[in-house]
Amino acid sequence: MPKIVQITRRERFSAAHKLARPEWSDQKNYETFGKCSNPNWHGHNYVLWVTVKGTPEPMTGFVVDLSALGEVIKEEVIQHVDHKNLNADVIFTKDIMTSTENLAIAIWEQLEKPVKKLGAELHCVKISETENNYVEYHG
Amino acid sequence: MPKIVQITRRERFSAAHKLARPEWSDQKNYETFGKCSNPNWHGHNYVLWVTVKGTPEPMTGFVVDLSALGEVIKEEVIQHVDHKNLNADVIFTKDIMTSTENLAIAIWEQLEKPVKKLGAELHCVKISETENNYVEYHG
Amino acid sequence: MPKIVQITRRERFSAAHKLARPEWSDQKNYETFGKCSNPNWHGHNYVLWVTVKGTPEPMTGFVVDLSALGEVIKEEVIQHVDHKNLNADVIFTKDIMTSTENLAIAIWEQLEKPVKKLGAELHCVKISETENNYVEYHG
Amino acid sequence: MPKIVQITRRERFSAAHKLARPEWSDQKNYETFGKCSNPNWHGHNYVLWVTVKGTPEPMTGFVVDLSALGEVIKEEVIQHVDHKNLNADVIFTKDIMTSTENLAIAIWEQLEKPVKKLGAELHCVKISETENNYVEYHG
Amino acid sequence: MPKIVQITRRERFSAAHKLARPEWSDQKNYETFGKCSNPNWHGHNYVLWVTVKGTPEPMTGFVVDLSALGEVIKEEVIQHVDHKNLNADVIFTKDIMTSTENLAIAIWEQLEKPVKKLGAELHCVKISETENNYVEYHG
Amino acid sequence: MPKIVQITRRERFSAAHKLARPEWSDQKNYETFGKCSNPNWHGHNYVLWVTVKGTPEPMTGFVVDLSALGEVIKEEVIQHVDHKNLNADVIFTKDIMTSTENLAIAIWEQLEKPVKKLGAELHCVKISETENNYVEYHG
């Protein structure tokens, strides 16, 4: 029986965002999203953990080459979001509410196919926004 | 197909406790529980992670309002245990052995219904007692 | 001889900012500040450590009441910067380059007198912008 | 219905290793494993989390006695690998590629039966090699 | 000129305590010390960093043998306070207000001479009570 | 009066080493250095904090360009030690006892002049070998 192992790579990005619906008043946005609705933005050091799974390749012992996985995450996610404004600069997040939940789903969609090309399967995208909260999405 | 996302909030509390059965001798308690049986108590900075799951609400992108979840955890758990003695002061733990395993179960029972009222489902209660051990309970 | 003890309180805030001089072109700002000059902002989870020193008061054993110190830090610093834009929203940082160095100096100036009113002496303001860098200012 | 709880103990070990197949040239090893193939070895502070599961015993509230679990982990794993060379000194890893994936599998095999003797079931072996990656194996 | 290096060893202990003056009423203690005055105690995972300084010995490169320093800290401090009640069980803290400030001073006094016997000089005792505060004492 | 600010950059490297004098027997090395003398090496994830000080430059608010400081640290230190054997591969450590104390001094000597060229002054080199010990050298 093949031995399934999960391997996780951690990456980080710093970005600005806000939680506010443009069709709502500042007042309604504040009532719904609190200080996260600040019109002039705020920001976070996001931490991203990408977990893939598969069977270690016999010659290398690798489920996936971690450097290659790191390159994929940088190319598909980090370079687009790091030191950017998630609502204004990023193609795959600028039309969504940038809640951590939605970020996790959007990043999953960026990564699912490229991870498959590496010969592994995407298992979990985990993001923390502050040290007191994080989100996990398993597809 | 609805997208199920898990979101976790971390809270902390500092409490005293001991592991000892009142019907046992100090000697037997020491043999069973070691230094955790110290009659004059000891204590910990407990860290609590509460994970709930659900589908992000389309208008907010939230599985659950994290502030509301935080309020529930504070009201149902933290205000009862923080700076308290788990064996002497806390209604939902004073009649149990206050092992980390039992604390996780007791906190789950405190939170299951109030989390449902928030529109989400409780997925996991995780507690660490020291940096070298933690417990997870999934109901 | 009085025994001098230092006590430190950690606080956190999440804010947006950018590093860019308005009188410079985007090109020159990028050459000088790199990705930190992104016109649409980026942001961080800043961590702030405020260290004060003094002699423990005999009746309480406190150099300073930590709750009172926390209140002062929240009132003088955190409420102004948390979930704000340091360049656009904050009176004491909006006219400076918001480098971490300058933030530390600006926060020192906010805190020096209020800490003195608590009966202690401000010793160090330390801020980290990411997990890989921090700044310390001793006045 | 019995309440299943997972409990995790963290241990650490510092070891040397390299990733290189002896039948391959240094050149080919470098192309495959990069700097991890350095012929003179390199090393890590590995962190190991061992998760077991079971039902808390009514008298103690323990799924397993954590001290006994710690002893088992030290005897079966840590004393063999700590301050050792995984490729040269350790019976259960010296004939495998010492990728983190394979380490997790090898440690699982060391622990599965001894954990059963403690009355619990091994649930997960997690190892981190650096702060940016970790592996999980569930058997 | 001799090269002075500082070396720090981290140790941990879990203890119960309270902040309350016995000659004061519960009411006055609560007004002064807040929830830290809970009559039934609370507790913490204290972290202790002991820094010593000196010149590395030429044959070993050590300012001090870290294992020997660890033994001294365990013998003089940890075994007395770990899984104990600082106000009820510990000779060197039971007659003082167990503020973190006073703990640092008391631990300094326990360690100053034994560190000198190891051939080094005690430089700093640092203790954190929670992740949000710590105290440093330099003698 | 110029405002002196300290800024610290954290870097990491993974390396093998051992503590053993070649002119001593394995027995004597073991008695002196314990398990750190393992003839087949062991290794660590070292963490390095480099602190420099100076006055923020008025146009940028920088004591030093952190990217430039990072480049200097990589060029002078990290590329030489990361995924290497400190005793066998590294010009500036292979003829010394690779205690953490001596590593800090050796890294200081690598960095002192290059930091000066950046217009700042080296203030402290701090290295941790494990989560339980670290060394600081101020020149």
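A, B, C, D, E and F are the chain letters, set down in written order, and residue numbers restart from 1 in every chain.
In the analysis below, a residue touches a chain if its C-beta (ideal position, glycine included) is under 8 Å from a C-beta of that chain, and two chains touch if they have at least 3 such contacts.
All of these numbers come straight from a predicted model, not from anything done at the bench.
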item: Neighbouring chains shared between chain A and chain B, ordered by label; value: D
item: Centroid-based (C-alpha) most distant chain relative to chain E; value: A
item: Between B-E and C-F, the pair joined by more C-beta contacts; value: B-E
item: Reference chain D; chain at largest CA-centroid distance; value: C
item: Same or different residue numbers at the chain A/chain C copy interface, by half rule; value: same
item: Centre-to-centre distance between chain E and chain A (centres being mean Cα positions), rounded to whole Å; value: 41
item: Centre-of-Cα separation between chain F and chain E, whole angstrom; value: 28
item: CA centroid of chain A to CA centroid of chain F, Å; value: 33
item: Per-residue multi-chain contacts in chain D, two or more chains; value: 131
item: Touching pairs among all chains present in the structure; value: A-B, A-C, A-D, B-D, B-E, C-E, C-F, D-F, E-F
item: Contact footprint of chain D on chain A as seen in their complex; value: 3-11, 51, 56, 59-63, 66-67
item: Footprint of chain A on chain C - complex, ascending; value: 12, 14-17, 35-36, 38, 40-45, 82-85, 88-89, 130-131
item: Residues of chain F touching chain E in the complex; value: 19, 21, 32-34, 96-102, 104-105, 131-138
